[in-house]
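Two complexes, one shared chain (subunit A), two partners (subunit B, subunit C).
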Partner chain A sequence: MSDAIADAVRRGELRSVARLITRIEAGDPTIAATLRDLHAAAGNTPIIGITGPPGAGKSTLVDQMLARYRANGERVAVLAVDPSSPFSGGAILGDRVRMNRHNTDRGVFIRSMAARGRLGGLAQAAADALVVLDAMGWDRILVETVGVGQNEIDVLRHADTVLIVQTPAGGDTVQAVKAGILEVGDLFVVNKADTGSADRTVSALREAIEFRTHALGADAWHPPVPKTAATDNQGIAELLTAIDAHRRHLQDHPEQLALRRRAQARARVTEHLAEILRSRYLQPTNRSERFEAIIDEVVARRCDPSSAAARLLHD
Partner chain B sequence: MIGEKIRCLLAMLGTDVHSKGIRTLAQLLRDRGVEVIYLGEHNTADGLINALIAEDADVVGLSYSTATYLHYTRDLLVKMKAAGVDDVPVMLGGLIHADDEPELREMGVKGIFGPGSSMTQIVAFLQDVTGKTLTAP
Partner chain C sequence: MSDAIADAVRRGELRSVARLITRIEAGDPTIAATLRDLHAAAGNTPIIGITGPPGAGKSTLVDQMLARYRANGERVAVLAVDPSSPFSGGAILGDRVRMNRHNTDRGVFIRSMAARGRLGGLAQAAADALVVLDAMGWDRILVETVGVGQNEIDVLRHADTVLIVQTPAGGDTVQAVKAGILEVGDLFVVNKADTGSADRTVSALREAIEFRTHALGADAWHPPVPKTAATDNQGIAELLTAIDAHRRHLQDHPEQLALRRRAQARARVTEHLAEILRSRYLQPTNRSERFEAIIDEVVARRCDPSSAAARLLHD
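Let's turn to the complex of A and B:
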């Protein structure tokens, strides 16, 4: 038996889709059957992840990519993730400002999502939202996050092709290595290439990438470093060609694609496991007397935190 | 429901470019725990409605500093009704003349926050029309 909301999603009823994503964001447990239904048929739409530091031009880049995909007749969905205020829990979701010209185009669907304070839950919510978008039958899905934390990086695991956006002013490659993003990226885009020393940034990135990939063998994907100037619509066609080349590479190397899918599935299951544990032990309303009694022991140093966790799990 | 947030779409319609007010409001609302979907200036009614649907916004806020607000607001409300999203409440802020309030109310505007309005009033309005509580002070 198929689920009524899932059917509405598949028919492309936008309000149903939007409300379902709101319920995903709120952690509503009553939509489990809908998500199960949608998940079964998902996994067919290419998902492109875009990340980079604030101000690197990610949203402007997405805007130009949208324009070019639309010119090719492709229908595209965008999930734009922005940080929440750690103080108030509120957020200003402003990515759409750069993409406003697509608001009247029914071939484009843009949804903003706030990172909210959830530990790891962001990746889970974003992944479920991507399953929903996938089920709607778009030709491509773009997911944009600010590359500032582990939560945001985790979101990218659900993408098939990951773009790391840098700028000539983004510091040297030590910054990239430090952030641990070299391992995540399939393409390293140097945006704002019309300013500063873009070529130096490109060669520094190439060197860092080569340092990591030279031992991987001839079959491995070697991330290219395309230059763009998104506000002037420069380099976008070349960028899209490089994205397609990565997709073809995965298709030509099914074993690499399989590894990627497996890593995605593993991350998804792990996130859910973590969420179950978190809601079991960390929700104030779920904290049992037993839990508090063990905390008392830790405070009194009759039990150490690691043993306490083990005892709780074995209860 | 656990984790429910007020999602508020803020936008300006037409050629109005005085965005200082709406940007300030966006920050003040964020600091009170609202998720603001900021559309900025130069929106069309059709574009705003598509964004409103995709974002599943609870409420729409429009800012005006020119005298064209009666025309633009009426146009938006008519199109919202046609699109079946007239259940989403609309509030207005900026230079709204008191003489125009009855006409705006009649066309369906739920909240009007002209010069001298306070954040307390706006927050109370948002909680009232959405039925959701803001946890931040």
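Let's turn to the complex of A and C:
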């Protein structure tokens, strides 16, 4: 039996989609069947993840990418994931500005999201929202996030192609990139290339990338480092070509795409495991006597939290 | 048998402390016994959490609080938790500026931290670092974080008194605060009170707070809304008085303190459960055939991640 909301989503009813994503944000457990149906229908839309530090010009870049995809006749969904919410209210991502520009275009869907009270956190909510959009059959999905902390890296894990947006910022850039970001990037975009020492940034990034890529073997993807100046609409076509090249690389190396998909699935299942545990133990109605007895010991400092968790799993 | 590193920490050897926190950041599993020892010794230091949006002046405020506590002869540790790392490298929190000012003062310890590759995320690492500082016997611990997203709320959970720093920003402030922040704040500080319409912000906050507090019963703490101008060192004494009043309130209502401590313990144990699961399933060496068989089904879209997790737990 098919789920009514899932059917409406697959028919492209945007109001149903918007409502469903709101319920995902809120952590509504009654949509599990809907998500199950949509998961079965998803998996065919290229998902492009975009991240970078605040001020790197991600919003403008996404906007220009969107305009160019639209000019090519593609239907595109944008998910803007804001980990700094609830304080910022999404303003960081420039959502409202873009909404205005593409307001009347039925070939564009733009949605920002924040994790309001969801136990599993924003990455899980974003992953569910991506499944919803994926099942709708857009030609592309762009998922944009600010960061990058672990939460953001978790969001990017669900993209097939990950763009790390940098700016020409002197020697710091490369050092910052070293710390956990190199591993997740498929393209390193040097935006605002008309300012500062863009070429130095590009070559420093290339060096760091090649160092990583050589460790990965002959068939590894070599992340390109395109330069853009999004505010002047410069370099966007070349960027889209590089994105398509990455997609073709994955198609030509199905074993690499399969590894990525398995990693995505592992992360999602493991996070769901954690979410089930959280709701099992953190909801007052779900607490067991045994759990509470162990909490007593932690509060009394007779047992530390790590040992308590191990005892709960092994008893 | 006592742990040598734990002993060094308890003796106040700052080099051991710094090294231990670095290992916590990295998620080094070999420090479990040390943390166990320190957990048993902790629980007696007042922990004050400070958060608010970027630009609210948190760093300056913390710096002024620190100076005043020092003038009163108190020994104070500051933990600056930066969820936006690795990109920012801690600069947002103004750590280096403060380091310089208090550099030669043995009564001050300042440390910033970021979660580099730790599976359980920054909140867990921060909680462990707070246990370390707590066990050292400082007179106060200040923990500062940017945000507030879920990660930051998780960090604040480990403070006894939580300050939400706001600025006079017109009507937006109150709306932003409504979304999940009111519940975690014990004091709402309107900083930069010499700019903009501070009084309007104060009364809007008061209104929202009273609405919440009335639902909590007669013994509930009524969060004050002190005004400060940290750059001019205005209002700091009043702020510290309000913080002390909150501490006395908790001492006078031990059932409220107990509830808070139980909530802290539940959150920590549950996160450790999640962390154990993550390492069990996400590390290649730990994967079971059964887990991999279910991942096959998720990748093939015959099973969705949520159902897969439920099956793993219930089979």
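Annotations for the structure displayed:
By definition in this document, the second predicted complex is superposed on the first by the 270 of 315 C-alpha atoms of A that agree within 3 Å, B and C clash if a C-alpha of one lies under 4 Å from a C-alpha of the other, contacts with A are read in each partner's own complex, and residues count from 1 in each chain.
Following the convention adopted for this analysis, a residue touches a chain if its C-beta (ideal position, glycine included) is under 8 Å from a C-beta of that chain, and two chains touch if they have at least 3 such contacts.
Here the structure is a predicted model, which is why all the values come from computation and not from measurement.
In the superposed model, A:I181 lies in contact with subunit C only, and not with subunit B. Which of subunit B and subunit C touches more residues of subunit A is settled by the count: it is C. In the overlay built on the shared chain, the residue A:L14 is in contact with subunit B alone; subunit C does not reach it.
In the overlay built on the shared chain, the residue A:P223 is in contact with neither subunit B nor subunit C. In the superposition on chain A, no contact is made by A:P46 with either subunit B or subunit C. Contacts of A:D28 after superposition on the shared chain: subunit B is touched, whereas subunit C is not. When both complexes are overlaid on chain A, the residue A:P305 reaches subunit C alone and has no touch with subunit B.
Using the contact criterion defined above for the overlaid structures, shared-chain residue A:T270 touches subunit C, although it does not reach subunit B. On subunit A, the patch touched by subunit B and the patch touched by subunit C overlap at residues 84-85, 87-89, 114, 116.
Of all residues in subunit B, those touching subunit A in their complex are 1-5, 7, 26-27, 29-40, 42-44, 46-48, 50-51, 53-56, 84-85, 135-136. Considering their complex, residues 14-15, 18-19, 21-23, 25-28, 84-85, 87-94, 96-97, 100, 103-104, 106, 109-112, 114, 116 of subunit A touch subunit B.
Put simply, subunit C touches subunit A in their complex at residues 32, 35-36, 39-40, 42-43, 52-54, 83-89, 114-118, 121-122, 127, 146-151, 172, 175-176, 179-181, 258, 261-262, 265-278, 281-282, 291, 294-295, 298-299, 301-302, 304-310, 312-313.
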